[in-house]
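Here subunit A shows up in two complexes: once beside subunit B, once beside subunit C.
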Partner chain A sequence: MIEIKTIPEGDISTIKIVGDVDASSSIQLDNEIQKVTEQKATKILFDCEELNYISSAGLGVFMSYIQYFEENDIKTGLFGLTDKVQNVFQILGLDQLLYIGTTKEEAKSHIDEQL
Partner chain B sequence: MNNYNYKVPCSKDKLKEIRVFVSKTLSKYGLDEVEVSTLVLAIDEVCANLIIHSHNCNPQEFIEVNVLVERGKGVTFQITDTGKGFDINDYQEPTIDELIKKQRKGGIGLILVKKIMDRIEFKTSSKKNTCRLFKKINVI
Partner chain C sequence: MLTYKTITRLSLFLAILVWLLLAASELFILFSEGHGLSAGIGRGVPKVLYNVFLLTLYLYYRYSIGKAENFNFLDLLWRIFVTGLIATVVSLALKFFTFLLGTSTLVNAPLFIDLRYLVNLGLASTFLLSTFTVWKRLILYQKSKFLLSVWNVFEYALLASLAYSVLFPFNVLRGLFFPFLIVLILMGMFLSANMKWVAYLNFRQKWKSILLILLSMLYLTYFAMVLFNEVTIDSDELNFISDFRFNIYVLALFSFIFVYALFSLLVILFNLPTSSVFEKKLAEVVNFQRLSQSIQTEQNEDQVYGILLESAASTVLADAAWVEVYNTSVEPGRLTPKSSFISHHISEEEILNLKEKVSFNTSNKSLFGGEKDLMSHSLIIKLNNANYKSAMGFEINIQNEAVGAIILLKDVTDGFNKEMSNIIRTFVNQASISIENFRLLRKELENERYKEEVKIAKRVQSSLLPDVLDHNEDFDIVAFSEAADEVGGDYYDTYRISPTRTAVIIGDVSGKGTSAAFQMSQMKGIFHSLVLGDPSPGEFLEKANSALSRCLEKTSFITTSYFVIDSNAKQLSFARAGHCPTLYYQLESNQLSYLDTKGLGLGILRGKDYRKYVSTNTKSYASGDLIILYTDGITEAKNSLGEEFGFDRLQEIVSDNLKASPRELQEQLIEALYQFSGVDTIDDDFTTLIIKFK
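Let's turn to the complex of A and B:
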């Protein structure tokens, strides 16, 4: 139902999310972000190309880290969202609080510009 | 007027089945992918809330989802259960800022439902709770 893995590339950790992030699976996303932050990642990208669905449980996980990312100077960006997934972020205005790029390159340059 | 029904045990694993049921039902009526997925999201949120908070994920208990499609009017979802009643309209949702500051993960599902649906009604009788959600949308 959900598959999450982290691909390290240089100083960037890319968390790839495949499948549905809902009330039953959001804990896995939470655990993965926690794991990556514990490894002291400073740049995290979220590959959402194969993210099929996200509910409030998944949005809640992202939201719960927004402040942590800011306080710990961790640069983040999401990319590859389908229209229906992006729409869920937009309904709550989270697209204003989290960077959402079209491609991985775009999200990478966003992170680099912030440094 | 067309009526569709789906009954599932109160287990979080069943949320995907509910989404597939609502999605398949609505995609017969000429709605685009984003419209369908937005309505699926609202129903998923209400069902997740009931399964987790009213039924403590007890698979011996059930919720029932009913979809009523009326051409020229819109879609009415009716979610029925026998748990402790919970009226979404009484829920004072937190703001997004508050949630971020408190680093809370929950609490936004019902904000989404209220933003997506046009009308939400809640009725409770001695044993049955009914949450009815209406969306005016062009079904063909």
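Let's turn to the complex of A and C:
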């Protein structure tokens, strides 16, 4: 019930998440992020336009990479979150640690600004 | 009801009585006739009496022979042998007595000759009927319905012949006599083809049977000759009334007994050479049964292998054999899994030696190298060994996984054939089933134990949640928690720091089940140790985050809300660590809303920076105000359409029950939740904690 694929665009890797991220599918998300970081990506965007639901296990995956992104100077951003999903991020406070933009362009320019 | 014993005794007594009457009446008639007197009784009387005598004997043997369920064939044959022996000895004694008397007048007296004849007739009849009954038991061994009906017809026909002799005594030579007799003889011959019992005799028993049957045939011939002599010698002068030659029943019995004895004799003789094969087959069946029963008796896997080895080796007469059991589980601390051997007439050293020389390749966990029969996992090979010249091997598979192998060895070349291979395969299959059953049983027991352990965990965990919530007179408090699995990751607690200060906590560990339950118990420990220092809510979260950073899994976090209620100042101070926003009702303004404060879940940021992301808030409260705390198990509960219960529905239910007591409100909320989800169990752990100020 989940589909994850990475679309490289120049120096930006966009991970598109489609469907529900629950306890079992969160492993796929983890593997994908792992793969992208191993490819020495420095800019990662998460396309959440079709992310329908995220469980605490899915949030745990994001959370576990926050410190790694920071330490390895990897710029990240999320965009296109539905209200419901965004609310979940906000309640947990992850919006304070991860950039959440509305559109892809917004997220892109946020990443570029940081350089 | 008459018991068998009474019937037996009664019929024996009657038989003797009838014989005496028979003798008396016949002698009386002959005596009377000899003296030209009228006897006063007809010649029909002795004839009837003789038939009655036969009938009583029939009854006697019917009830005295073979009523025991497990009769033994040899015992039966022995019985007719003894009966025949006694009868013959008595008859011979009589003959000897006659001889001693020489040519005295008594010997030639018609009455004496008649008496002698009657004695012999009685003895012969006894022997005939006892043998007839035994033959019946043998023929009906493993009977079919058809056979039984044929037999019944035969027996009724015989009884009818008794009646025939009585009813038509004077024209015996005419009419139906011969056709009837021939039909009976043919039926007897037809039935004589049934000798399934012979197959169940072993070699020794067959020899004994041959001897006993031969002797029985000898008795039969002896009696036939004696009786025939008696009735023919002086037939001109004497007129035997109970002449057996005119009794269909007796003639039919004579023929039937003789034919069956002859047939049995021949069949046993022809079966003698094959009896060893049959015995072997029987031993195989017994071995097979032992294997199948090994699961029922309390035996273990090794014993099953042992039975397999022993059965297989004895069935194919192997000179040596072994079972190798692969050690599939690699135990820590052991370098290579070593197979264990169960051997039969061979040392482990020799086995290893053989395995080295012959291309029994164990590296791929298979004993069988190039010549392996892939379908059956077996092989027959020649060996070039001093002791053994041929070998047969089978892999023991359980659910397509090789767990071991059995190897049989012989000191002759080509010692094994296809036939043996098939037998051993069935043994191996049966052993596999037994072992698989053992394993399933053990797994089931283990599962049982785990279930028991989980039950204990549940009991321990439920004791971690407080039964009574500590609080003062300023407010009422109720809480409810339910885990999706046996144990859960939701937590709530209260603590009275001082008479006027109460700490309240609600927490939710990410994930559910056992790992969540362990972290929840850690949370309780952290709460109870930190609360003693009366920290501000912000400080509490910071210290809790620091403590949890050291023990939480990388992808786990805990969300919590922490409140300190100061009933002196009528003030709340609170902080939120990523937990669901608190729903608060203010009576004065009649406003129900979620408290919007910033916060970050515990364990997400595992450094000193955490302080930046939480804040302590304060709020005054008044009587009638409500605090509704909950976990995301409530707001994220889904119905069949995939819709979430959500924050709005929660708010709606609270707003409908603002005047209710906390307990009533809690009940309404839980009921609404279950109604919404439409199932018996909610998919996630969920908890509510409701506070109402007085």
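The rule is short, and it goes like this: the second predicted complex is superposed on the first by the 115 of 115 C-alpha atoms of A that agree within 3 Å, B and C clash if a C-alpha of one lies under 4 Å from a C-alpha of the other, contacts with A are read in each partner's own complex, and residues count from 1 in each chain.
Following the convention adopted for this analysis, a contact is a pair of C-beta atoms (placed from the backbone, for glycine too) under 8 Å apart; a residue touches a chain by one contact, two chains touch by 3 or more.
Not measured: the values here are computed from a predicted model.
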| item | value |
| --- | --- |
| First, second, both or neither for A:91, with subunit B first and subunit C second | both |
| Most subunit A residues touched (candidates subunit B, subunit C) | B |
| Which of subunit B and subunit C A:7 touches, first, second, both or neither | neither |
| First, second, both or neither for A:22, with subunit B first and subunit C second | first |
| Touched partner set for A:60, first subunit B, second subunit C, both or neither | both |
| Contacts on subunit A seen with subunit B and repeated with subunit C across the two complexes | 23, 26, 30, 56-57, 59-61, 63-64, 66-67, 84, 91-94, 97 |
| Residues of subunit A that touch subunit B when the two form their complex | 1, 20, 22-24, 26, 30, 53, 55-57, 59-61, 63-68, 83-84, 87-88, 91-94, 97 |
| Contact footprint of subunit A on subunit B as seen in their complex | 12-13, 15-16, 19, 33-34, 37-38, 41, 44-45, 48, 51-52, 96, 99-101, 103-109, 111-112, 115-116 |
| Contacting residues of subunit C [partner subunit A, same complex] | 510-511, 554-557, 559, 577-581, 598-601, 603-607, 613, 632, 644 |
| Complex interface listing, subunit A residues touching subunit C | 23, 26, 30, 56-57, 59-61, 63-64, 66-67, 84, 91-94, 96-97 |
